[in-house]
Amino acid sequence: MKPPKVITLGEVMLRLSTPNHSRFVQARQLDVTYGGGEANVALSLAHFGIPAAHVTRFPDNDMGYAATALFRTYGVDMSHVVYGGDRLGIYFLEVGASVRPSKVVYDRAGSSFATIEPNMIDWDAVFGDATWFHFTGITPAISQGAADVCLQGVTEARKRGITVSGDLNYRKNLWKYGKSAAEIMPALAAGCDIVFASKGDMEEVLGYQITLEKGDKFTAAAAALQGKYPTIKKVVNTKRNSVSANHNTLSAMIYQDGVLHKTGTLEINPIVDRIGGGDAFAAGYIYGAITYQDDKQALEFALAASVLKHSIEGDANLATVAEVEAVMKGEVTGKLAR
Amino acid sequence: MKPPKVITLGEVMLRLSTPNHSRFVQARQLDVTYGGGEANVALSLAHFGIPAAHVTRFPDNDMGYAATALFRTYGVDMSHVVYGGDRLGIYFLEVGASVRPSKVVYDRAGSSFATIEPNMIDWDAVFGDATWFHFTGITPAISQGAADVCLQGVTEARKRGITVSGDLNYRKNLWKYGKSAAEIMPALAAGCDIVFASKGDMEEVLGYQITLEKGDKFTAAAAALQGKYPTIKKVVNTKRNSVSANHNTLSAMIYQDGVLHKTGTLEINPIVDRIGGGDAFAAGYIYGAITYQDDKQALEFALAASVLKHSIEGDANLATVAEVEAVMKGEVTGKLAR
Amino acid sequence: MKPPKVITLGEVMLRLSTPNHSRFVQARQLDVTYGGGEANVALSLAHFGIPAAHVTRFPDNDMGYAATALFRTYGVDMSHVVYGGDRLGIYFLEVGASVRPSKVVYDRAGSSFATIEPNMIDWDAVFGDATWFHFTGITPAISQGAADVCLQGVTEARKRGITVSGDLNYRKNLWKYGKSAAEIMPALAAGCDIVFASKGDMEEVLGYQITLEKGDKFTAAAAALQGKYPTIKKVVNTKRNSVSANHNTLSAMIYQDGVLHKTGTLEINPIVDRIGGGDAFAAGYIYGAITYQDDKQALEFALAASVLKHSIEGDANLATVAEVEAVMKGEVTGKLAR
Amino acid sequence: MKPPKVITLGEVMLRLSTPNHSRFVQARQLDVTYGGGEANVALSLAHFGIPAAHVTRFPDNDMGYAATALFRTYGVDMSHVVYGGDRLGIYFLEVGASVRPSKVVYDRAGSSFATIEPNMIDWDAVFGDATWFHFTGITPAISQGAADVCLQGVTEARKRGITVSGDLNYRKNLWKYGKSAAEIMPALAAGCDIVFASKGDMEEVLGYQITLEKGDKFTAAAAALQGKYPTIKKVVNTKRNSVSANHNTLSAMIYQDGVLHKTGTLEINPIVDRIGGGDAFAAGYIYGAITYQDDKQALEFALAASVLKHSIEGDANLATVAEVEAVMKGEVTGKLAR
Amino acid sequence: MKPPKVITLGEVMLRLSTPNHSRFVQARQLDVTYGGGEANVALSLAHFGIPAAHVTRFPDNDMGYAATALFRTYGVDMSHVVYGGDRLGIYFLEVGASVRPSKVVYDRAGSSFATIEPNMIDWDAVFGDATWFHFTGITPAISQGAADVCLQGVTEARKRGITVSGDLNYRKNLWKYGKSAAEIMPALAAGCDIVFASKGDMEEVLGYQITLEKGDKFTAAAAALQGKYPTIKKVVNTKRNSVSANHNTLSAMIYQDGVLHKTGTLEINPIVDRIGGGDAFAAGYIYGAITYQDDKQALEFALAASVLKHSIEGDANLATVAEVEAVMKGEVTGKLAR
Amino acid sequence: MKPPKVITLGEVMLRLSTPNHSRFVQARQLDVTYGGGEANVALSLAHFGIPAAHVTRFPDNDMGYAATALFRTYGVDMSHVVYGGDRLGIYFLEVGASVRPSKVVYDRAGSSFATIEPNMIDWDAVFGDATWFHFTGITPAISQGAADVCLQGVTEARKRGITVSGDLNYRKNLWKYGKSAAEIMPALAAGCDIVFASKGDMEEVLGYQITLEKGDKFTAAAAALQGKYPTIKKVVNTKRNSVSANHNTLSAMIYQDGVLHKTGTLEINPIVDRIGGGDAFAAGYIYGAITYQDDKQALEFALAASVLKHSIEGDANLATVAEVEAVMKGEVTGKLAR
């Protein structure tokens, strides 16, 4: 069997976050890292030991170079990054506490990735030894060019028999370039083998709301989605309950062949960093799907990975496979070993 | 109707706190801010968009200048500050955790505010366009001069038909200049429209303990207070339960016309900064009283403001009106919006 | 005589600088402040005790609010700031050392100020009690809208008999919106009483190069400028010699009525922060022109102010009048007094 | 009665821990302190006001000097430290959160203490005015030399009628020099008046597992231990329950004359620093045994001391006697007094 | 010969300094240490291996405890510290650069040391094994009580045949309690064997100005001083030239038996910390006088010690004897050895 | 022509340095990076855009992983790193200032690299596409195993026609495993095409001292070396003059075919980080030799690279080719461009 190699595509932003729960107006320093929904997946997979390359476009300046460097640190293959355009997108993060939510201010308009265009990527080089392609619903929401490149990626991947996963992730504050998710997402969904999606995300793609008198609405939506896009074999999702800004609980579910399987619920308290929890989940699931025979194990691994991510500063999951497997086996008490 | 403008009077201290829960003996850096019970109210109100000026006395040195600058940052009118005297009062704060309480070491003797004297303040200028005057029981406890100036403020405010609120706040470790609270506070209470006070605070002013076989003692105390000082229309208070140094719960109550109204109880976990929780409450109530028709809404706003303050570093509440209203409406799960 | 009040107009950016001379790729924190050529002048003047208001446009988000707060800290009147547009411009600063120059990466395209338009400013309110208006050549270089607003400011100021100073400051990397400096600057220069300009800046405005076989070229350029724009009474300039990234020398000169006057040269070693040295000079000159009878004293004050600025972190000069006057009188040895 | 003086013996390591819960790979700074199981006991006792000296071996370099300085800061008598050997042992600490446990990487091989040898210590000088000697099971696990010196310490102490306490603390990852705990520990246990030991620790010394159909296994093990080593008068122990990396509960027990006494259970949430919790307990018990008539009070003091330690950064307990006694009396809500 | 032990007497203050050359108004953290002219001498001597005890009075609170701890860190015997009074004196330090001098704001009024009184010190215990007593002119300038205790110290030391050195150090901003230096200093000078004094310091003690048509004024002043106070055997002094706030030069001189000896001049560039340079010199001279036969060597050691101090953060000199001797031998190029 | 790829071999250590010029005993944090003489060369080359791989041995723990990550950040190929052994070597760095030199404390005994053995490296894989091999005299000084592996590297490289450069760098404090440099170095020198060596380094290899009545001793040594080892075509060296710990000057020289060529001298003031200056020089020379036709240009590039390195924190040179070329062309005044 061909050794696994995962390709991810999407924007990477400079992340500037306030230290020690301070408010933006108080901050005299901002903590610096770089992240993006898809690149976080690549980083987490590389950290798990799965070869992973990220495809994106960076400005040809120090900010672009520093973003490249951050992902190289953790072993992500950045050789397919395209340089050009005007600026690196930025997001400012104010870290909340207790009843005060964290706050994100996006400053991503006009970024190098937003001005990406089809055929800027050498897909033959990118997909040469690839076995898996992952994208998210954020990319097509950024600009027509980004949507076109994303569709190109899906199409080129399918053409080569590469597994395609898509995190449908609907963000209504994006989608400002004149197209709606309903116009763009179906073609992308149609190219997926696996989707990460909540009921709402699926409704956005289906173009209608699921209404049921009885029965599980997520199951119904997944069935509808699969009915419409038969290449989709699995729908994977998490359920988060927010007790406070620093205390959440998390569980996961997978729909396949008409059947919904759910995990138990894990406590996350305190949350060190909430950002990237979903990306850690997707990376965990991809790792699990590649590694285990059993989808349920993949799901448990994904949940454990996501829970661990919340204890790690930054966008990306720096947990090891051994650490994730320990949580997966129930070692959730954080007991010091020495 | 005249647009609102709130005047506050009181000492501002340099606050030096240990970072990262360290003990005083461990600290190689101290975090710097400036605060005082009344100035914190002004700052919070200015942040809510209510014009507010703070009246105090600072030494004519860099510490006084930096204190002025801190309050100007958030839009407090500092043009009525009087410069003179020897030093800025200081309080050292060691931040506790779990069973270990935070610890305050005061070093405020001989401060410029402690040596303030009547007629140092140009009350005509201060109260020119003012609609509300707020003081606390800390000021008259500092020195005879401070008590005199505080009474002057109350008297001058009443003379001009300005609403007067007083946070009766009894601190037994102050009151060292030869007078007791019982000698000084009645004249001040007599000038208030609204008081913030616990049962104990009221007993200190009344000069006797409330004993009841049945019924609510706070209500009884408030009724007694109002009986003695009929200008007092409302008595407002909070009830705090301390689970640990970083986990409290908070509720609020208001007594008016013989009726006690209570809010529900909110969780605060973790506490980022406990200091100024009461000042945020007072500012919230004043904002609410100015803005809403309904006292109950004002009380809910005050409670939400105080709870949010506990998530913010420093003495003062940097929450916005929108954030407070969200908590007031039950959004207490700290869920990230993006 | 009318008490002085200075109005400045221009963009304010979020400044993100690397701590401890680190390179961008190394930085895990960035130091935060806010600055802009004209706003720095206002801040410095306010710090000297001259009332000053800054006119600009900020996004209606936390970045805009924090920028407002920074200038309020130091007493700048920010009540004329207009809120709107998409983003706060940013500049990234990597602090150099020895042979390695500091490096600035601008990320200011599409800022709220760049999309300012004529008539967004209420000039009657702005110029109500003003006596001086200051702008720089950076503003008209940003966008047509910014250039229009700048010209409007100059015109409205002249109409009211307000002194106008312009720092002609030609930055070739700006001017990207389709107009050249030669098309825009003359109308602005024509409105000035005083200009801050190097020979090169003046040539840009004149539209030709000064060539002389003998004699001082700066003097010739200033004479030519004054010949063309007779409202200009004085041309003021600094001469900087760069020994290394942290060691410069500085002197100043003023041309008036055909005569050039030069100061002596001061050492700056080490430079704590090079940014804003020219703005501190302009503010110093304006302070001096308002305060002293003698232009030479104003020039000495301006030079001393600029030299002191280089010892202060951030864009703006936080030296006091007493400190500047001490340097002006030759106290340049940095001797500790106690 | 002779005034108390406690002697402790053992390795001190440089501790390098990641700030802000960061992972090792993320850390660009490491927090520095120095600690060791026995030295932590000495520091805590000195902080309680009990004269205490620590005996160890440090390299004759800046790391050894800095370690000495740290313990001197808190009043530990370091005059019996022997200098020599190659290096100071190091332990790296990654601070966990939620489900992610803290992680310790030891780098202590070849340390100056590991190469200690009998007769390097001047026991007459060390024990001159001593009344108590404390060691732990870590020391004999390090090297033959360390085991020999430890036994020498116990023997010399007994010879002089000094009370001996041993924390039996079995760490299976140590014991790499060719001897097992079962070969070395009995001789040490035989010299103790008081032992700190869990059931597992005692089984290691006894050389067999306690199996019981009914009854308390800890009691049975303690009885067996006392049966075998009749000098042991008391066996003291804690019971920790780990809810998460930052939330534990703790209780304590003491076995004496066939009777087991248990304390109630205290909550620790959040844990600021887990390391040294057991050492703080031992120090607390020793303080209590010296100070109180009643063993139960000593146990309560020990438990309160250990709980407080968890709120303090670093290896050692910087709580005061007054603070410990407050917790001991039930003041566990962390309420701010001012 | 009796082994050396040095006693110092004087106030210790909490020092709060701005990091990274920031101005007071900018500082969001202040660096913390503790220092005082005489205690710095004790610390430096202890660091050189000379037993040293410091006598002072601290408040019985966490600030006093932390000050004690700082000096214990470096081996100073703090067992003679008296606890009582209201507060620890504070000095705020803003660190200058280039033409901007460092700035000190004192906040020491009403300190525990200022309210010290005769007979609070147990001189028998203090001077039991002492061979040297050192004080400075700062102490008698603080308060009548401090002056009385200082004179008591000198008298008790002389009584016991202990060498007395005094740093005459005249600070005109002190001396506010109603006495002048001229009234108090003569009795203290009369008790000295060695004085550290500039010409100006000596004039203050002599009560008149030295005027000379030719010849060296320092020599004349020293001769006059010795003439008046024949117990004074040596007058030692430094000469500092300030090029900028971070670049000074330093040389030293000693007068003895009518002869003046001068050292060469050393460069100090950059200065890491200017405070305590004179104390490091005094400590260096005392070390040299104890250790070397030759006064010139003692002077060279003192100069080298002081120069090294300027490269070390904090009030006190943490250079070792080996490092000082290296500079003394001309190793001043800062060349890295490895 | 084959595209360049450089292989370096050698130990990488964890570097722990004191921030802000503090002394070891003062440091409460240590700054973390990873470096080694040869790995620094690889990093610098990768940063210049030359493919580079580093060969070393790391412990299979978090310290080894973090060291790998640091070099991956900057694009060094770390795929040939071998994992095993006990620990990562450490060096502690105290950063000096003025007359106080920086201080290095090594703690590298027993490191994973010190216990490397021949045949642990897969030389076929390592040298597959390599064109250049670089080592230093530090490696054979560490242990017999390291010396054996180094010689193996040289031999295998030569076998494949790969250019070999060696930095002869004699460190007398190493060489503790029973062999002298004179026994080991000749075989290594014999394999070099290019050596970096001072006169002293060459004498160590030659086994005798160069004595000359007239003429240049470096030239004589280089001629002797080349005479003995005719594969050596060039001897390259730097000459450093140390004015103070933060002010050095640097020039360079190259000997080839009997001719010595020298560059001019550049000022370095201030030095941000002295460590790795020589490695930056070697990397600069290798880059120059690969890129330019002319050895003199290569030498100028190397000198400029080394000078720039001194302005950059950490072991490795993060200057770009464009920056080095600017200095090489005389842009040494650190003038800000914008």
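Residue numbering begins at 1 within each chain, and the chains themselves are lettered A, B, C, D, E and F in the order written.
To be clear about the criterion, a residue touches a chain if its C-beta (ideal position, glycine included) is under 8 Å from a C-beta of that chain, and two chains touch if they have at least 3 such contacts.
Bear in mind the structure is a predicted one, so any value in this text is a computation, not a measurement.
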By the contact definition above, name the pair with the higher C-beta contact count: E-F or A-F. E-F
List the interface residue numbers of subunit A and of subunit D, divide the shared ones by all numbers used, and answer same when the ratio is over half, different when under half. different
Comparing residue numbers, which of A-F, A-D or C-E shares more than half of the contact pairs of B-C? A-F
Could you work out which chain's C-alpha centre is the most distant one from the centre of subunit D? C
Centroid of subunit C to centroid of subunit D, CA atoms only: how many Å? 63
Just give me the whole-number Å value for how far the CA centre of subunit A lies from that of subunit C. 45
Let me have the rounded angstrom distance from the C-alpha centre of subunit D over to the C-alpha centre of subunit E, please. 42
Mind pulling the residue numbers of subunit A that touch at least two other chains? 23, 25, 28, 69, 73-74, 103, 270
Within their complex, state which residues of subunit C touch subunit F. 20-23, 25-26, 96-104, 106, 171, 173, 242-247, 270, 274
What residues on subunit E touch subunit F, complex-wise? 19, 73-74, 266-272, 307-308, 310-314, 318-319, 323, 327, 331-338
Subunit E partner, complex, touching residues on subunit B are 16, 19, 23-25, 27-33, 61-63, 65-66, 69, 86-88, 90, 92, 94, 103, 105, 107, 109-110
Taking the touch rule as given, give the residues of subunit B at its contact with subunit C in the complex, in rising order. 69-70, 72-75
